Amino acid sequence: MAIVLGDNRYGKAETRLVRVVRDTERHEIRDLTVSSSLRGDFAAAHLDGDQANVLPTDTQKNAVYAFAKDRGVGVPEEFARELARHFVDDVAPVTSAQVVVAEHRWERATVDGRPHDHTFVRSGSETRTAVVTAFDGGEHVLSGLTGLVLLKSTGSEFHGFLVDELTTLPPTHDRVLATSLTVRWRWAAVPSDGYDPAYEQVRALLVARFGSVHSLALQQTLWEMGQGVLAARADIAEIRMSAPNKHHNLVDLSPFGLDNPGEVFVAADRPFGLIEVAVGRDEDPPVPEAWRDVAGFV
Amino acid sequence: MAIVLGDNRYGKAETRLVRVVRDTERHEIRDLTVSSSLRGDFAAAHLDGDQANVLPTDTQKNAVYAFAKDRGVGVPEEFARELARHFVDDVAPVTSAQVVVAEHRWERATVDGRPHDHTFVRSGSETRTAVVTAFDGGEHVLSGLTGLVLLKSTGSEFHGFLVDELTTLPPTHDRVLATSLTVRWRWAAVPSDGYDPAYEQVRALLVARFGSVHSLALQQTLWEMGQGVLAARADIAEIRMSAPNKHHNLVDLSPFGLDNPGEVFVAADRPFGLIEVAVGRDEDPPVPEAWRDVAGFV
Amino acid sequence: MAIVLGDNRYGKAETRLVRVVRDTERHEIRDLTVSSSLRGDFAAAHLDGDQANVLPTDTQKNAVYAFAKDRGVGVPEEFARELARHFVDDVAPVTSAQVVVAEHRWERATVDGRPHDHTFVRSGSETRTAVVTAFDGGEHVLSGLTGLVLLKSTGSEFHGFLVDELTTLPPTHDRVLATSLTVRWRWAAVPSDGYDPAYEQVRALLVARFGSVHSLALQQTLWEMGQGVLAARADIAEIRMSAPNKHHNLVDLSPFGLDNPGEVFVAADRPFGLIEVAVGRDEDPPVPEAWRDVAGFV
Amino acid sequence: MAIVLGDNRYGKAETRLVRVVRDTERHEIRDLTVSSSLRGDFAAAHLDGDQANVLPTDTQKNAVYAFAKDRGVGVPEEFARELARHFVDDVAPVTSAQVVVAEHRWERATVDGRPHDHTFVRSGSETRTAVVTAFDGGEHVLSGLTGLVLLKSTGSEFHGFLVDELTTLPPTHDRVLATSLTVRWRWAAVPSDGYDPAYEQVRALLVARFGSVHSLALQQTLWEMGQGVLAARADIAEIRMSAPNKHHNLVDLSPFGLDNPGEVFVAADRPFGLIEVAVGRDEDPPVPEAWRDVAGFV
């Protein structure tokens, strides 16, 4: 059996970009981390060290900055799409390109009681994401977020589960439920209201469903969240969620003569449960190319 | 010269506590990481392995959870003070105790357009801190924050600096200024409005001054921020700030025929400037014991 | 189009285990982080909140510890295989199980010039990994490593690449080449010499090839490394490598009247190149199930 | 009470430097992260925004690279000393300078059974450190290390400790003892054998003492380690150690009908004990200036 070159890709990861829009005194900023990765006719680069078909990753970085100036950053999905299309359309050996954008969010600072023109406060660890995979004839567009940390202090049960000889977990009818969500959704069409409002709507729906569903398991909560998003937006084909179950263990205070009716918890680091769920539509199955190389389950 | 035991302390670091207040349907949560450290008569533990004077660090952890239930968490400074006093007052060999609290902040989630009773969204990486050092006869109380990330897209200059033969930096009259603040302030008295409102006021002042000061250097901005806080609150004795200068470097787009008038920046990871400044009052000098062991400059 | 539940799995992530073998005075330790994930008939858990088919993730953690005692840890691949088989064979609703083991390596400490019986020094950030995916009728076994950081101070070129209007990178005939490797390989058969010696052989081959190949691109180096491993071991079906190109940029010292012939470099954090390559055999194509859910490209 | 500027300093943090020595075919590399911080007459920079006395942090970075080429890196302590002296001696407003060097260690790769001339493998997370504080008339030199992770699988007890009403920890006569050491020692004189051999000797002593001392508490082990170093080297004035007690908790396997005589442990993340100890000489007390600003206790 001959040894053969298999799947391969290459690109520039984590190019850091801050774009300031200063057409008026009221500046806007967009703060992105951009990664690109190219597939195509790169066998000679591997087998013979011949780089004739290889656009340097340094050039991919330059493209991020030049496009940011020349065309503006716009919304993350559109910026990713323009870059990905450029690599496929303008670089002959490239057959597909994936661009991943993470947006770090800022709010306007309050100065003298008013939002300031050019001062901003970083919003936190929650990150909006966009992944565009472009090829001859089209693109797959994923929107998403990571680091959305949610907690319910009640309204969560877990019981009636399968018990084997290694099971020691007691059933519970009231527990803390907490997670740090990574979610991505694939668009069946460009949203007519634009990616920015659509993002806000989906994020709000995810939070609201997490809160309103009386949870019998994190699996059920995730299903209801995904189902809610797809019911609200016909232009979303599927949604995938990866949700660590960040355990909050009730502390046993009985040695100190204290009861603990759901008041004092250890927030544990590890291990954690990890629940991963996809919700789709029966006539629009997942598209493997859209999800290929996206880290982990989502 | 005989070899001698010098300064020593021990404690439990990073006890994770989530306290739920569920007296009504509208829950409250407080999410803290608590560390304690004790000084006292522990020579025998080192020299002879005799632990008779050593309260286990496991017991210090128990104290965090028992106090959280029994007395409630209240505000971080008060919770830290109660714990620190307990160690000094109730554990005979202990002569001083330092308790460090980091509060991870949550906001109420919006469900059906209203703040939800028991669902919360993590606010981000910004952390409120309290450090109480207790000893026989009193305590030093530090309030503070870490991870407050601020950015100005204009209103910052840097020129007229010292130039030697190794200096290549060009002067600038318009640059991005960004930092991730760690700030601590020492109280001369317990704030009459309470630590929680005082914290919000100081944080708002820091953000507002960062925005309103036309900056000639990060040093100047920090001084103005500290000066503003001390001018507003006579009960704060001193304030210390540690501020990385998170460089945003203008990208040279001239090879692509593009100018770049303050629009496209690389957000650099390393190296970074690091500016550290204390602001105090001339008749109330720093108290070394208050700041001992607090990581770094602040 | 009805909204439907798609792919889903769940498990316990990052269970930390240290196993001490103390049959003699000369102890052995194995330090593992273990994650398990199950697929199967879990629709009711999502759609109805019915957990009758759901073995708690807490039980999966218990299995790690009970197996570690009862059967011993053995080599990572075998421990992973036993756990994965248990979940598939003994838990009725489970149709496939993936167990991921990361081994943190320790060396025996030197005391009085001799390796000590029960004192160990952690070897560093390099981690050995095993991934076993079990199903009815078999398993896929992947061995691997992550965090193997390699650097060549010469013997690396990069030129003759594709140049477009956004390319500014100068060609080079001598550069520093550095990477932090993540590698996984799939076994066509259980290695007759055992997984432990096989791991050492593959690791040594990867390092040696990285050193001995005069590199015209990281792509070429990776191909040669993968080709070398498959040539040496007929029992390995395919190997996948993910290699950040950790850029070391030559510092321009000419403003200080100094030349810099490959001596002083900035080790850059971000962005970085990212090269990903699979090497296989023409009659033994990749098995998608083996690689599903393994983070990233490999 | 007037508001006044207090203590202040500024500098460049985490400049990444890789220095290749290529005088012969057998290259040497030294991989450092360098931070500098200056104190002096900088009041005007704060109060008036006047930068005339401020050497840019960018220039401090340039100094790192220019010195690395011009004078070579030598050993970390000497490189730090040269830089610190330069800032104090050559930059008029500077009264003291602290330079912190962290060395990331590499080993020569083995290729064809021999150490390779120009290929290196990163040794791991253990880092050697040097801190030099220079002022008019002298310097304080600290050597040290961080991230040295040690574990004993037996030979450690903890009992006879103080018990109060919150104590639940059972005494133990056999436990796992593990730590990740941060150690720094101050030199009374330049070591006659050179900083490199001295470093290796001290590191070996620390490891050996950790192994050979039958531990009644981590405090006792640390004292014995420090005492051993000072006994071996008259040129070391004092040593400070910060040692997390990385708890390894015995798993209760009795629900599964298994005993667990010191064989299966959970390696816990948080909380952890934290023991900090200084060992010195009775006629050579600690020098506060040497330790000022060094993060944490050490």
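Letters A, B, C and D mark the chains in the order given here, with residues in each chain numbered from 1 onward.
Note that a residue touches a chain if its C-beta (ideal position, glycine included) is under 8 Å from a C-beta of that chain, and two chains touch if they have at least 3 such contacts.
What you see is a predicted model, and the numbers here were worked out from it, not measured in a lab.
Q: Provide the labels of all chains in contact with chain A and in contact with chain C.
A: Per touch definition, common to chain A and chain C: B, D.
Q: Please flag the chain sitting at the greatest distance from chain D, going by CA centroids.
A: Comparing chain centres, A lies farthest from chain D.
Q: Where chain A and chain B touch, do the two copies share over half of their residue numbers, giving same, or under half, giving different?
A: Shared-number fraction above one half, so same.
Q: Can you grab the rotation angle between chain C and chain D? Superpose on CA, round to the nearest 5°.
A: 180
Q: Measuring centre to centre with CA averages, how many angstrom lie between chain A and chain B?
A: Centre separation, chain A to chain B: 30 Å.
Q: Could you give the separation in Å between the centres of chain B and chain D, each centre being the mean of its C-alpha atoms?
A: Whole-Å distance between the two chain centres: 23.
Q: Would you mind pulling out the distance in Å between where the CA atoms of chain A average out and where those of chain D do?
A: Inter-chain centre distance comes to 38 Å.
Q: Provide the list of chain A residues touching at least two other chains, using ranges where the numbers run on.
A: Where chain A meets two or more other chains at a single residue, that happens at 16, 62, 66, 166, 168, 255-256, 269-270.
Q: In graph terms, with chains as vertices and touches as edges, which category applies: line, ring, star, complete, or other?
A: Per interface graph, the chains form a complete graph.
Q: Which of the residues in chain D end up touching chain C in this complex?
A: Interface residues on chain D, with respect to chain C: 16-22, 27, 29, 31, 62, 65-66, 68-70, 106, 109-112, 116, 118-126, 148-155, 176, 204, 207-208, 210-212, 248, 251, 253, 255-256, 258, 260-269.
Q: Chain B touches which residues of chain D in the complex?
A: It is residues 1-16, 35, 37, 42, 45-59, 61-63, 66, 90-91, 93, 158-162, 164, 166-169, 215-217, 219-220, 222-223, 226-227, 230-231, 238, 240, 244-245, 270-284, 286, 293, 295-297 of chain D that touch chain B.
Q: Taking the complex as given, what residues does chain D use to touch chain A?
A: Listed in rising order, the residues of chain D that touch chain A are 165-166, 168, 255-256, 269-270.
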